[in-house]
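Next come two complexes, and both contain subunit A; in the first it sits with subunit B, in the second with subunit C.
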Partner chain A sequence: MTLQIALLGGVVLLSVAAILVRDILKAAICLAVASLLLGILFFVLNAPYAGVFEISVVAGLITVLFIVTIALTRAEGDVRESKWVAWVFPLFFIVFLAIDLLTMKALIGKIPTLASSPEGGTFGEALWKGRTFDLVAQIGVIFAGVFAVLALFRKRSKDE
Partner chain B sequence: MSSTWLIYMAFAAVLVFIGLYCLLSQRNLIKLFIGIEIIGKGISLALVSTGAVRKSIFTAQALTITFIVVEVCVVAVALAIIINIYRHTKSLDIRKLAKLKG
Partner chain C sequence: MIFLFIALPLVVAGLLPLIGKISKKALPDILANGVFLVLLVYAGIVGKSLISQGGIVQQLVWLGEPVNIHLALDGFSLFMLFTVTLVGLCVCLYSINYMEHYGDKATYYALLLIMLAGMNGLLLVTDLFQVYIFLEVAAIASYALVAYGLGHDELEASYKYLMLSAVASAFILAAIVLIYGLTGSLGFESAAAGLRGLDARYMVGLCSAFFIFGFGLKAALIPFHAWLPDAHPSAPAPISAVLSGLLIKVSGIYALTRIFLNVLGLTPALSTILMYLGAISVVVAAFLALGQKDIKRMLAYSSISQVGYIVLGIGLGTPLGILGGLFHLLNHAVAKSLLFLNSGSIEMSTGTRNLDEMGGLAKRMPWTAGTSLVGSLSIAGVPPLGGFWSKLIIVIALIQAHHWVFALIAILASVLTLWYYLLIQRQAFFGRLNERWREVKEAPLWMTLSTVILGLLCIAFGIFFSLIVGSWIEPARDALTAGAQALLTTKGM
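Coming up: the complex of A and B.
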């Protein structure tokens, strides 16, 4: 359990660093390392497929997208963040942590137990047979994303 | 079992809180998306840890993979919109989007 808590603490610390660091590039890299730690945690939790997706897609692809966007915009200096953001954060964080620790036990006690028995079989069966509709929806979402990006970057004709 | 689950869910709630704080306090558009990413991390942590504790890890992984695919599409479209906004207003400041002049 120590390893899990260390990984979770690393994820939280890097996420805090990602929102408090002023340089956006450093924030994106903090986010990537946090994703990497979360992926390792998924491996520890015996969920290797989710871990592989988390490391390759979230820590890899999304970070690349963020860095490309930062390189294409180059406007870090012109956005002035307000000064109280970093100062007020610890106060809010401690208050939330206290509420979290006090109420979470009662909250998760209210979640009903699932009626189904523990699942058997393999991951492939659970994915392809149990969640077939999700896969169809994923294909739809990917197509929607591709068409949206194409529409946003199309060249304007002279009439417009 | 319950105490382990409690720890995971508490950390997931902390991640969601950090992301919400980022969304409420920051003014840079890219920073706002970093906040949304942090909220997504909290959600996937909650999904996988619940699956691991409740002995249904395969379904939890399938749901997490679906969530990650949706997240990637959202981020790709959002960053494309951010680049277009930057070309239009020459800034990433969210306050400059408050003007509705044509």
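Coming up: the complex of A and C.
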């Protein structure tokens, strides 16, 4: 339990740091470490597949994409931010934490044992047999992402 | 095979880049319009016969083997599918000419079809998590379409839309996780049954609050509307029409209604919250629209106001209120798409969206002016157009339920709506022709044809309103009223 709380605390702190630090490279690294800790937390909570995906995709692949993008783009002066942004986030975060704590307190003891639910089973069964329709939607998400890149990075001809 | 509503747009979208290499314009135009036409006919003829005995759940069969893909079709989802494909077809016809100067039509159509697949999927799913994924399919395609012009304003609006929409999705996902945590199930029916057997009033209240926040943002209800007045004007006109006419209704209103009425059940407290949100949106957005000089921005604020009417009607929860809300959804989808398309025609001909710079355009663009007048009067609620009947039904439903103040607000805001639409007409189309527009010509054939079809639909929905209500709206209402039983019992109705 102590390990779980320590990992969860680390995830929260590093996520907050990712938002608050000004340097986007440092923000990307904070996010990657937060994601790594979340992945470990998944392993500790007996969700190895979620852990593998979290660490390989979010902590690994997406971080590489962020860092490559940061390396390829030029800094063009500081972006001005209005002062209220510095107030709104901590305020929102405190409200969120309060709601989250109350929610979790109310949920403890009421959560049914999900493994025995009709939608349980092994990971493979759950993904390929139980959630087949989600995979169709995933194809839609991938298509949308690919075509969005094609649209946003297209070359415009002279007559346009 | 109702899976066609999702599979056909996805397959054609996947093929379009290859087809675009062979033919840059004609084939993508024909294919994309063909998909919308096939699905419209399918919804109108086959869909209607499929649900003649009530709602159905179809399991997909692939090469003789059943696959674990279940799709549900009832009066409400069929009505929405019909609206989406009907308005979508007109928008796609309009795009034939309008998207010429944006280039890469194949990619544009592919994104439009993916958005269609996302919306259709959302309308047919039987599961809360699938609602979330299809919501994302439609949303990701729409971010790219808003930024399609690649200008500074378009990219900024798209980014703002993406950020706020991501917040909305996070709240929706959090609510779904909570329901799964409580019931161990994600299916609409099993989750509803699980929640009925639990004494978890506060948790259900929290889920409802998360859903209202999430879907309220997607539907751009006030105070969750900040993204819409930027995103809708910045997008190309056909996309503004789809966003305002369809997307906010499917990913906001439909999802909210389906979950509140068929999963959580509409309680008196929820009903009151929805009615207040609706009424605030109706009034505040109408005043905000009044102060706009950019025609598309004015139309965007008007969308928020009209969505308020829909939420007011559905939130009331009585059979007549739901009927009025759904009928207004159809009328607004058609009329607002028409007005956004016309604003695109004006912008293409004159190069401006500023109402102060227009004037007398009716002399040069008679079809655009005529159809704009029809669309404006329909949304403002002038008889005998469709918008009049839907607003009248909402007002009667409010009076029947003794909500006199809400009824008065609905009537007064309608006058305000008429005011700002007459301002658009006067500033853009009537008066002396501005010298700058002496050489302006009417919009090209496909653009004019699509707006004429939508204008005729506004008139037809008004004249044949009892036929439309009987054949499309009542079956949709009947699929929802069971979810409002608890509320109706409380009200003694």
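Convention: the second predicted complex is superposed on the first by the 117 of 160 C-alpha atoms of A that agree within 3 Å, B and C clash if a C-alpha of one lies under 4 Å from a C-alpha of the other, contacts with A are read in each partner's own complex, and residues count from 1 in each chain.
The rule we apply is simple: a residue touches a chain if its C-beta (ideal position, glycine included) is under 8 Å from a C-beta of that chain, and two chains touch if they have at least 3 such contacts.
Values in this document were obtained by computation on a predicted structure and should not be read as measured data.
By the document's definition of touching, of the two partners only subunit B reaches A:F96; subunit C does not.
Contacts of A:Q138 after superposition on the shared chain: both subunit B and subunit C are touched. Taking subunit A as the reference, the larger set of touched residues comes from B, when subunit B and subunit C are compared. In the superposed model, A:A106 lies in contact with subunit C only, and not with subunit B.
By the touch criterion defined above, A:I67 reaches neither subunit B nor subunit C. By the touch criterion defined above, A:L152 reaches both subunit B and subunit C.
In the superposed model, A:S82 lies in contact with subunit B only, and not with subunit C.
Contacts of A:G130 after superposition on the shared chain: both subunit B and subunit C are touched.
Look at A:L13: by the touch rule set out above, it reaches neither subunit B nor subunit C.
According to the touch criterion, the shared surface of subunit A, contacted by subunit B in one complex and subunit C in the other, consists of residues 107, 114, 118-119, 130-131, 134, 137-138, 141, 144-145, 148, 152. Listing the residues of subunit A that touch subunit C in their complex gives 99, 103, 106-107, 110-114, 117-119, 129-134, 136-141, 143-145, 147-148, 150-152, 154, 156-157, 159-160.
Against subunit A, in their complex, subunit B makes its touches with residues 2, 4-11, 13-15, 17-19, 21-22, 25-28, 30-31, 33-35, 37-38, 40-41, 44-45, 48-49, 51-52, 54-66, 68-77, 79-84, 86, 90-93.
Within the complex, the subunit A residues that touch subunit B are 1, 4-5, 8, 11-12, 15-16, 18-19, 24, 27-28, 31, 34-35, 38, 41-42, 45-47, 49-50, 53-54, 57-58, 61-62, 65-66, 68-70, 72-73, 75-76, 78-82, 85, 88-89, 92-93, 96-97, 100-101, 104-105, 107-108, 114, 116, 118-119, 121-123, 125-127, 130-131, 134-135, 137-138, 141-142, 144-145, 148-149, 152-153.
On the side of subunit C, the complex with subunit A involves touching residues 6, 10, 13-14, 17, 67-70, 101-104, 107-108, 110-111, 114-115, 117-118, 121, 125, 127, 129-130, 133-134, 136-137, 140-141, 143-145, 147-148, 150, 178, 180-186, 190, 198, 200, 202-203, 206.
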